[in-house]
């Protein structure tokens, strides 16, 4: 499991006084990228070889709102590895309290946007 | 069912050449707002009375990517009405092709962020 | 002069209760795109020929804030045409009141991100 | 002078392959907030006392584009302190190269959105 720490600024929030619900998907992108980097997987390098990961599915639960100036911890772990897809489980916590959790499925594709088996070294690294 | 038409600009896309996955949640917010307005429900007026709707859950499927300069149709319908919550089903289409679909649960809350029964006239309008 | 009408949703605002200051640049992008389209200039088609316009400079004045559920009019006009650049003057108004105004310089570039003379038919259309 | 380091992810970019021009204003907000915090000025605490800073003016120059996976340094310094306003000069650099620079004027306002003299301790801290 990997944890990314993130501070909340005005641009993250909306006039309801809380973090806008779509913005958590940005934090989850950042946290997955850092998780993969820690495992030796560089998405930019892969993309230059024509291998991309795209999001196929997100199931997200909003339990409690984050607010301006909060410091959040975004945890990331992989819960399933298939031939062409990865399933992540991620949580947003503030001082240990779970605010948001999400299950995300990424699919490995080639430059024609077609599903493509993940390179063997990626599967081994994970 | 209600349909919102939406054009895609640079700010909607990412360097993968497609619409960024979090941005569909913005279009879904816009489309739900217009759907409710058509039913005579004004979220701003409700908010001034201390009644808010917050997103509790989103299950979203990405089937095919939208791109720069696309014109998208966002359809919205309500699939379940409970005492304190509403379930929406929404789809993003381009020329009739389904690109993205989502099920979203909204919860009615009061100004202390606690669940609150929906006003009776809202339930009747829907 | 061309005018784009735009409604404000939650995702446009921040927890200060007003439209977030960076978001006006998105509306200006949209309004410039529509202005150019009305003049017969299609940015997507140009981009497929390796001709792009990038923003070189923005001077923006914030006079009064826009808020949730506002309907805004974004006006766009061209104030200067040079060999490789265009200068736009744009205003955001609500019920005739000027909220924000901006002067923006766009530079015509080729696919190597180098300045490139604007195609002659573009200059004629403008 | 204060420097904030920032990594670029997909959500920062657009389909032109570079960071979207409005997003630099988000990084500048983050960097100003951290600059002020280092000077002992907490914007959240001030806001709870009815003292806010709003952006009145931004002049921004885009010299070269930032791209996906870049690590950027955002420098911030104050260039003018007046009774009700602050002027910042900020730069985005990558490996020492200046990509973007901006001059921003912030105005101190009260909860009625009217200009308000800055508290004396803020002026002293700066």
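Order of writing sets the labels: A, B, C and D. Residues in every chain begin at 1.
Here is the rule we go by: a residue touches a chain if its C-beta (ideal position, glycine included) is under 8 Å from a C-beta of that chain, and two chains touch if they have at least 3 such contacts.
The structure displayed is predicted, hence computed values, not measured ones.
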Superposition of chain C upon chain D: rotation angle, C-alpha, nearest 5 degrees: 180
Pair sharing more residue contacts (C-beta pairs) when A-C is set against B-C: A-C
Rounded Å distance, chain C centre to chain D centre (Cα mean): 22
Inter-chain centre distance, chain A versus chain C - centres from mean C-alpha coordinates, in Å: 32
Distance from the mean Cα position of chain C to that of chain B, given in whole angstrom: 27
Junction residues of chain A - those touching two or more other chains: 10-11, 16, 22, 26, 29, 68
Residue ranges of chain B in contact with chain C within the complex: 7, 9-11, 26, 29-30, 33, 43-44, 68-69
Contact footprint of chain A on chain C as seen in their complex: 10-11, 13-18, 20, 22, 67-68
Residues of chain B touching chain A in the complex: 16, 21-23, 25-26, 29, 47, 52, 54-62, 65, 113
